[in-house]
Structures are given as structure tokens and as C-alpha cells.
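There are structures below to look over.
Next come two complexes built around chain A: one with chain B, the other with chain C.
== the complex of A and B ==
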């Protein structure tokens, strides 16, 4: 019982820190601070993922969400601008949109099984097969690795294709930036 | 709505609160970098919601002991959502980097990354074209 109470306490602390970070991101004007807070948000969510038993996802989130995406955003800030200008007041429409969408999503959770329910459809369909068969069929201690690289290897191949396409897109968009800037400099 | 139901669902609702904060940033804020950050918050909240579906009470991370002597009494959480979300995180960083590259190009073309500024420039260009068009038409007639 104390174990469960401890987990609940940790969950509540992490959740309040996540919400506080998100609200700070909404209110901040300095984009540098926003990007840093986004990194903090990613690290906090990685902690929450550890409490949900997803250790592989947690370290991927910490490396990709807090590492690579922060670096990419800082690069963008270096090439563009550092602070957000005051825009027209947003009014009530965004708040209304958000509340309606949120209410619809909450309505959608009402017939979901309880959190941690061992008889939930998600945990009784194919997952027990993976857990029972993978030691004999694959022989890798980490079940997530076994599924990712073997049972669903084609998914991972497709993912590589997506990353490759995005890389080509970024190269096409950015390439020639320095050259164009130099040409502009010559004209002036 | 009994107590068990609320305790079993409150974490889904908290994830939805985080999601909606991200959506609010995307809809209400005019700065493009901030919109991308909001999109990332939304995305991370969806990931956590997905992972929480695979959690089993009293379960542990789905990793066997390295000597592969598996104790049948140990409950493992569902590994399938973890695999899907691993893929989604990598695809997410791919879309983020593409979005950021687009922002760099927008800044190059318009000199601003604020939505209001871009609309204003678009409007000026349209007004100028309209004026030229009218001028040409009156000259022709």
C-alpha cells in the first residue's frame, strides 16, 4: 500500500510540474526561455514515462525531445529572432476551441477501462503472446527491442523512410541559405 | 460516477489538460517557433496517454533478466504501446525539423516569423497587385 501511495505522490508532483511548465511556456515572451522550458517539459515527461514502466520510451524522449529538438530549435532561433512580438489579443475563440475539444476528448475516455486494469483489451489481445513467445522465438531480454526490430521490423523500416524523406526536405529548404545571403550582401 | 471510476480515469484527464495547453499555444499564439513548441507539448501528452493505456497494476518494465530465467509470477506491462510510441517520437522529431526549416525559409522570404506580420505583408502584396491590375485595365480602355 505504501508503494502505491508513493507512486501516486510522485505522479501528482510530476503532473503539477508539467502543467506549471506548460503554462509558463504559454506566458513567456522570450523564445530562448520557451525553448529551454520545452526541454524541461521533455525531461519531466521522461520521468513520468519511467513511472509508467516505459523505460525505452523514456530515454528516447530524453535524448530526442530534450536533446535533439532543443538543439534544432536553438539553431532556428539563431537564424531568425529571439523574442516574440506582442500580437493582437487572441480573444475568447482559442479558449472556446480548446474547451470544446477537451470536453469531447474527456467524453471519449468515459468508456475506457480503468488505469492499470490487467483485463483491459489493450493488455489481453496480442501483448501476452509477445511476452510469452519472444524468449523462445527471438531470445532478446528486452521485449520492446524484440518487437521493434523483429516482429514489427517493417514498421521500423518505414520509419527510416520517413526520417530520410524529412532529411531530404530539410536539406532542400535550407540549402543555399548561406549562398543567397552572400549574394544579397553583394547587392547591397 | 463512483470513486473507483474517477481514480481510474483522472490521469487520462490530466493528460488531456496537457494536450489542450499545447493546442491553446498552437491556436492562440502568433509566433511560429512557439507554435512548434505547442505542437511538441501536444504530441508528448498524446505519447503519455498512449503509454498509460499499456500500464498494468503491479507490473514492471517489459525486460527479462539477462540470464533469461523468467519468473512466471512477474507481471510485465504491455510492450506494444512502447514500440509504437518509440516510432512516433522519431517521426515527431522529423516533422519538427521540417517545420523549423520552413520557419527559417519564411523568415528569409518575409523578414518576420510572426503570423500578424506575414498576414500584413500578404495583404500589402495583394493590394499592390490589385492597384497595378486596375491601372493596366484603365490604360487599356
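== the complex of A and C ==
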């Protein structure tokens, strides 16, 4: 019982900090502070994922969201401007859109199974097979790794391809490879 | 040569080794603990990026030149896809790691996962560092007072 109360307490604290960070991000004008707060937001999300026992996802969130993204946003900041322009006060329409969307999302969660429900579709489809057979078939203690790299090896190959494509895209767009080639072409 | 930020420079030099070691740990211990190629690749890239942030782009590009980064980008995907091709040639299905040790499929799975995760890690490291280089190369030098 105390364990459940403790988890609820941690959840409430983390979510309050998450909301406070989000509000601070919206209200701030200094983009440097906003980037730092976005890193804080990522770290808080990572902590929430840890409380959901999704350590692999939390790990990724902390490394990518709080680490790399912050560096890239700082790089973008250095290219553009360091403070946000004052925006005109928006009317009621954005508030209405946000409230309606939020209400729709909350309404959508009413149908969802409870957290950790053993009868939830996600826990009754292929997951029991993976959990039962991966020690014998794969022999790797971390079932997440077994699923990711072996059972779903094609998916992960595709993901690696996506990461590769994204890298190539960024290189073509902003690294100046094309510009250099054109300059070389001009010399000829 | 930058003569200020003494504490930053010393701490960075102390941290880069452990960061890389941790990346290798996450990479090769992913079978047993949280983590794997994606996370390890990002952490390994962070080691280079932090060096670039503190010591300047030119310095880090001497250690890890852009042409090498661009090769690694493709090499990782090749390692991953090549693993599947090897298992094909051994008479098994694409990416069926049982092919590597036919008399003991579990060991084959272990090897396959290790190699495939290495491919993921190499590509992710390459992509992250390449994106950082691409951004940083466009960035004008900022004087410290501006921040």
C-alpha cells in the first residue's frame, strides 16, 4: 500500500514539474533559457519513463532529448537570434483549439486499459510468447534487446536506414557539400 | 588558442575517457542491461561533441575528420544489412542469426545481436557527429560576452 502511495506521489511531483517547465518555456523570451528548460523537460520525461519501468526508452530520451537536441538547438540559436520577438496577443481561438483537442485526447484515454492491466491487448497478443520463449530461443537476459535486434530485426534495420537517411538529408541540406562542388565546378 | 575556461577544459578532458568507456559498456552490455546500439551511438557521439564544443570545431575535426564520419554513416548500415546477407549465404533466412553457429542457435543469436547492434551504434555515432559538424561549421564564432 505504501508502495503505491509513494509511486503516486512521485508521479504527481514529476508531472507538476513537467507542467511548470512547459509553462516556463511558453512564457520565456530568452531562447537560451528556453533551450535549457527543454533539456530539463526531457530529463523529467526520462524520469517518468523510469517510473513506468521503461528504462531503455528513458535512456534514449535522456541521451537524445536532453543531450544531443540541446547541443543542436544551441547551434541553431547561434545561427539565428538569441531572444524571441514579442508576439501579438492571440485571440480566443488558440485557447479554444487547445481545450477541444485536450478534451478529445482525455476522452480517448477513457477507453484505454489501466496501466499494467494483464488483459490489455498489448499484453495478450505476442508479448507472452516473447517473454516465454526468448530465454530459450535467444538466451539474452534483456528481452528488449532480444525483441529489438532479433525478433524485430527487420524493423531495426529499417530504423537504422531511417537514421542514415536523416543524416544524409541534413548533410545535403546544410553542410555545404553541394556548395563546395559548385565552386569546384566554377573553377573548371 | 583559447586561454580561458580553464575549469571547463580540464573537466572535459577528464570526462571524455569515461564517457567513451560508458558508451562501449552500453554498446556491448546491451544484452544484459538497458541500452544498445542507439543509446551507445549517441553517448559515443556526445564524447566528440563535448570536445568540439569546448575546444573548437577545428580541433575535434583533427581527431575525427569529416570524411571518416561520412564513411561511418554508411558503414553501420552495411554491417547490419551485411549480417543478413551472410546468413542468407549460409542457407538460413535473412537476419536469422541461428546461421552463425548451426549446432547451438542461442550462441548464434548472441553473436548476431552483438554485430547488428554494433552496426546501429556506428551509424548513430556517425549521424550525430555529422549533424553536429554540419551545424557547427555554419556557426559564426561567438564571443563569450554574447551568451
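Basically, the second predicted complex is superposed on the first by the 176 of 188 C-alpha atoms of A that agree within 3 Å, B and C clash if a C-alpha of one lies under 4 Å from a C-alpha of the other, contacts with A are read in each partner's own complex, and residues count from 1 in each chain.
Quick note on the criterion: a residue touches a chain if its C-beta (ideal position, glycine included) is under 8 Å from a C-beta of that chain, and two chains touch if they have at least 3 such contacts.
Only a predicted model underlies this, so the values are computations on that prediction, with no experimental measurement involved.
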(Q) After the superposition on A, what does A:32 contact: first (chain B), second (chain C), both or neither? (A) second
Q: See if chain A has more residues touched by chain B or by chain C, and give me that chain.
A: B
Q.
Looking at A:144, would you say it contacts chain B, chain C, both, or neither? Reply first, second, both or neither.
A. both
Q: Using the touch definition from the top, say if A:56 reaches chain B (first), chain C (second), both or neither.
A: both
Q) In the superposed arrangement, which partner chain does A:154 touch: chain B (first), chain C (second), both, or neither? A) second
Q. Which holds for A:71: it touches chain B only (first), chain C only (second), both, or neither?
A. second
Q | Doubly contacted residues of chain A, that is, touched by chain B and again by chain C | A | 55-56, 60, 64, 68, 72, 75-76, 79, 139, 141-142, 144, 148, 156, 159, 163, 166-167, 170, 174
Q: Can you check the complex and tell me which residues of chain C touch chain A?
A: 26, 30-36, 38-39, 42-43, 45-46, 49, 53, 70, 73-74, 76-77, 80-81, 84, 94-95, 97, 105-107, 109-110, 112-113, 116-117, 119-120, 123-124, 126-128, 130-140, 142, 146-147
Q. Inside the complex, what are the residues of chain B that reach chain A?
A. 4-5, 7-9, 11-14, 16-25, 27-31, 33-34, 36-38, 40-41, 44, 47-48, 51-57, 59-66, 68, 70, 75-83, 85-87, 89-98, 100-105, 107-108, 112-117
Q) Tell me, which parts of chain A touch chain B in their complex? A) 11, 15, 18-19, 22-23, 25-26, 31, 34-35, 38, 41-42, 45, 48-49, 52-57, 60-61, 64-65, 68-69, 72-73, 75-77, 79-81, 84-85, 87-88, 90, 93-95, 97-99, 101-102, 105-106, 109-110, 112-118, 120, 122-123, 126-127, 130-131, 135, 139, 141-144, 147-148, 152, 155-156, 159, 162-163, 165-167, 169-170, 173-174, 177, 180
Q.
Give the list of chain A residues in touch with chain C in this complex.
A. 32, 55-56, 58-60, 63-64, 67-68, 71-72, 75-76, 78-79, 82, 136-142, 144-146, 148-150, 153-154, 156-157, 159-161, 163-164, 166-168, 170-171, 174-176
